[in-house]
Amino acid sequence: VVEPPRQELLRRLNRAPSGTAALVAMRGDLLGLLKERPHLKAVDADFRHLLYSWFNRGFLRLERIDWRSPAQVLEKLIAYEAVHEIRGWDDLRRRLADDRRCFAFFHPALPDEPLVFVEVALVNGIADRIQPLLDPEAPLGDVDQADTALFYSINNTQHGLRGISFGNFLIKQVVAELSTEFPQLEHFVTLSPMPRFAATVRAAIAGTPGTLDRATLERLLAEDAAVLCERSGMSESPEALLALLEQDHAAHAEVTAAPLQRLALAYLTRFGDRGRAMLDPVATFHLSNGARLERINLQADPSPNGLGQSFGVMVNYLYDPQEVEANHERFIEAGEIATSRALARERKKLAALLPQA
Amino acid sequence: VVEPPRQELLRRLNRAPSGTAALVAMRGDLLGLLKERPHLKAVDADFRHLLYSWFNRGFLRLERIDWRSPAQVLEKLIAYEAVHEIRGWDDLRRRLADDRRCFAFFHPALPDEPLVFVEVALVNGIADRIQPLLDPEAPLGDVDQADTALFYSINNTQHGLRGISFGNFLIKQVVAELSTEFPQLEHFVTLSPMPRFAATVRAAIAGTPGTLDRATLERLLAEDAAVLCERSGMSESPEALLALLEQDHAAHAEVTAAPLQRLALAYLTRFGDRGRAMLDPVATFHLSNGARLERINLQADPSPNGLGQSFGVMVNYLYDPQEVEANHERFIEAGEIATSRALARERKKLAALLPQA
Amino acid sequence: VVEPPRQELLRRLNRAPSGTAALVAMRGDLLGLLKERPHLKAVDADFRHLLYSWFNRGFLRLERIDWRSPAQVLEKLIAYEAVHEIRGWDDLRRRLADDRRCFAFFHPALPDEPLVFVEVALVNGIADRIQPLLDPEAPLGDVDQADTALFYSINNTQHGLRGISFGNFLIKQVVAELSTEFPQLEHFVTLSPMPRFAATVRAAIAGTPGTLDRATLERLLAEDAAVLCERSGMSESPEALLALLEQDHAAHAEVTAAPLQRLALAYLTRFGDRGRAMLDPVATFHLSNGARLERINLQADPSPNGLGQSFGVMVNYLYDPQEVEANHERFIEAGEIATSRALARERKKLAALLPQA
Amino acid sequence: VVEPPRQELLRRLNRAPSGTAALVAMRGDLLGLLKERPHLKAVDADFRHLLYSWFNRGFLRLERIDWRSPAQVLEKLIAYEAVHEIRGWDDLRRRLADDRRCFAFFHPALPDEPLVFVEVALVNGIADRIQPLLDPEAPLGDVDQADTALFYSINNTQHGLRGISFGNFLIKQVVAELSTEFPQLEHFVTLSPMPRFAATVRAAIAGTPGTLDRATLERLLAEDAAVLCERSGMSESPEALLALLEQDHAAHAEVTAAPLQRLALAYLTRFGDRGRAMLDPVATFHLSNGARLERINLQADPSPNGLGQSFGVMVNYLYDPQEVEANHERFIEAGEIATSRALARERKKLAALLPQA
């Protein structure tokens, strides 16, 4: 077994005070150079090998983050939250209040750096809208009445650890922690974005090769084509839907609901498995972790970002400890996507529209 | 020895979870009622007796507060800072940066409540202006070059502990801590307000009985009367000085400097010991702790509050570990006020103007 | 309200480093002098007043002590255990193993001093013998099968805090802690000594005035007099019983069982309430805390100390959270002693023998 | 870069609770099998690769161990001390008293396992005998008068981490810690055993091939041959010396001193560099760390173990922060051994006796 001398060099650098932090930062820089300087890929392989060993889950510490945490750690949450921006300390305090939980993994060599963190709301019923959870003035919920742990934001924080995944372990351990603290919880479920949904739809309308083809799109909208065209004054259903969604989303909610729901489900289930390329990254993450696709929520995120990314649609992925393992294996081995019964019925109807599914 | 049954009641209340916090809050409320219901003074005496025993310095823990402290504690600093307002978390972070120190006393039964805290800047030379210390954008000082620990804000936080003094012990222990951490420090000195200076001067001008008499005031200003009157267009020196100070303080700085300095020194040294009633509370605090009056700084606090309270004048009180004990005793026993040599010379000149001194 | 100046002196001494420890030690010394110098009682009253306020239960911290605790604390257990001696570190380790719990109250000013500690065994069924619990080689019990928390040793450690009682609070909080950690526990019960039982019996036989009178003793033994005298070769039942107990306790167990059981019950229930003077101090402690007299165990402690103090008899006092409050009040107000049903029946029979009961 | 799948398996095992401890134990077992099953060397290489990365010095925490440490950690010292046995808790307490220091490296995944620990005595002057340091009744030294930190025992504890060296880093960091805590310290020096000295001498006498040859031995003893033979009644100097050392070491101390000193120096300096095979492992450790051979102490360890291993001889290796780096490089690159001036003079005389040196 011949050890690459570069690995030994990295291990020696790691011995210095704050060595690990410096190496993670170096890898971050290195990743930015790879495109232009592909010969550095061998260097990256050595970095990745060591970081992957060093940031083994066995060395990570789960910690709850709350208002008793050091300001030094809390300001990192503000800086790193990329899913639903934290707009200052008052906003942060609400997200750490008694009806919420925030957990993170820490590595002993980076004691003030949450590597990945998840924000959870303890609520009654599976939430279908994100805004009430983000409102800093939201009244405090009654934790004793909560039957659902809603995971509404998960963030990786270290660019230099790209490709070394912690989120899966984090969710599993947080489910275990919350089950112990609140035995009455029945649902562990996310409220998640679909970050590339709108872009995929727009690309399909524009006929960009390599994504969803326009014919599929039209088939999905056929049923509603007349009313969409009439309401929008356009002659083609894809453009008609897009116009209504972009003009005044809420005003046309009734008309766009059915086609948007159909489109979202098709998107999340890969338009009939036509290719991984089209797959939503958040869906991939949760489905490969063993969650099931539970519900698609229209009008769930009316923020400019939410409308821009996904026409306001959000998704609940549900982690059922009983079925997580089986779901995970079926997804990994056969690409099978677990869904709720309601979505399974909708999916059958889709199959009729999309012959190849 | 007969124990008042009320004390036993209070001790029993204290056994409950958060009992101590509740009792401190109750005493706070009680203090607010004493004026209207003087018969409650006996109740207050029992409260005071127990709180005074319970919050004995032997039970307090000195803790450094910095950016690693829990947000729960840090937000208390923002709430409690009454000398120089902290305007949010960015402001707070600057005050806890590496060239600053903040220390507080905590009681084990109130773990998140700083009872008293002091803010210190590590600087080179004894600062004579407060604004640079409060600027959130101030560049970070070089701690290795610092020869002075400047105490620029001390706050008691618990209304319910009124009359139970911690500040003295805090300053002494912080001096000891800083001496150990930074052996190169030469000066331990405050930059302090004179909260009743302007009010005392205005009352004297108005001839309000019970304060400084107008004759004394005129004697102090005699030397500068001509130029003050000329510049202000007024015929009497007290009104002339006041007008210049209140019109545009900075513009007339040259003319008002000498009389203002004289007036401030007379005020701080009790206008020749004519009465404790006139005494400045901040001066009393530091002088009775054994500090010496080191320097009077004009134009030291040009904020509206600083101008309103003291025409912008601030004071350095210096704690010299060698002389603190002796100063304290001379002040307590004989009312003697220790001063720097420079101020001692000025004070001699004052004595000539104020025959009774 | 005039404050005794001595209290202020004590408060000032308390401000010094380790002041509280020094004052507790001083009171310990003072207590030793009171008999010879009764005029010091006023000094003790001031000590007691302050220590009673300072060691208020609201300031005490319950802490679990186990093999992860500092050696500095653990060696105190070895030193302070006075009920069932700990014979070194191996013995101690067994008492802190996974099927045991040890809890103590600490005061923040004496961080390494357990003020009072209790040793608990998690067992199945209410234990009636102490030896298996003290055996350092005892096999580890299965905590999941435990239905009983057996409190087998409670020790106050600070002579200087005599008269300031913590044991009651400790037992209540430990019951609460254990209920949370082990919801399956059904019984919270002690296995306690009767430290003055044998001495009381011997004094009665000798006819020492002021204790149990000999006539009562004889009435209690009348039923068994013939067999006792025959077996021992003595002519009087009290001497006969004592001789059998002291010759070879185990050999005569069958013969002595009934009279010993009767005598012990009479002793614990004050021989028909004839006087508090005769009361067992351990019984007083638990009964006034609201426990009930659950069971008397013969042959429970065959150690020389156990035989010498109480002819090997030990007692279970049971803390039933449902009835503790009512028991406590009935005991304090009316001197009523709560017992198990079995002991209530035995007690009725005693009443027939002891007319004054 | 192809990753061996076995490494991935080990990383996955490491994710489980206590996974790291289990893997270290597995490697310990594996090492025991290598001799019989050499084909497992490839498995060991993967273990070693991962453990070497995981136990990088950057992840280790230096911790002081004292009487405040958890019993759970302290009992490990008793178990692991292999140089100078700790005979129970009283012995341990003396070694952790105020005139001693004990430091260890811990890995975050093995929080109760000191990986390597060093015992230090703060003394005045460089100690030349071990017994006073091991005496549990030794009076407490005055730390303020100490000018020397004497490292008298260093132990690696984890068989499964064999070949992954921490001792070097430990000594360097402990020197730094002690310099900060006690600026008055002038010497950082060991009192070390020579574990294979006696065995090497005995093998040479017996003429075992592969060690020191008998001729060299005789040359070293030539000067003293007459007196050794006379005193022992033997005819050959090597046997004579050995007999005197083994009969009654102390009685013949005067006669054996010079030859024993010469022999020890020759041994420590490799008998004139004739081969690494003869090298003392403790000498190799300290010399390669950059220490210098300071002094050879006869009669330093009269315990049976000390006499058996090294005829009671012990060695001081001195770490001078100024020269450690240079010594280390000269030793590694050229095999040069740094010595004190006194030993350098003795060494010159040896060179005359051993022509090949």
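We call the chains A, B, C and D, going by the order they appear; numbering starts again at 1 in every chain.
Quick note on the criterion: contacts are C-beta pairs under 8 Å (C-beta built on N, C-alpha and C of every residue); 3 or more make two chains touch, one makes a residue touch a chain.
Quantities reported herein were computed from a predicted structural model and do not represent experimental measurements.
Chains making contact with chain B as well as with chain C: none in this assembly. Rounded to whole angstrom, the centroid-to-centroid distance between chain B and chain D, based on C-alpha atoms, equals 61 Å.
Work out the mean CA point of chain C and of chain D, and you get 54 Å between them. Centre-to-centre, using mean CA coordinates, chain A is 55 Å away from chain D. Across the assembly, chain A contributes no residue that touches 2 or more other chains.
Contact topology of the protein chains: cyclic, one closed ring where each chain has exactly two touching partners. Of all residues in chain B, those touching chain C in their complex are 1, 3-4, 7, 11, 14-16, 19-20, 42, 45-46, 49-50, 52-54, 56-59, 61, 108-109, 169. Listing the residues of chain A that touch chain B in their complex gives 67-72, 74, 88-89, 93, 112.
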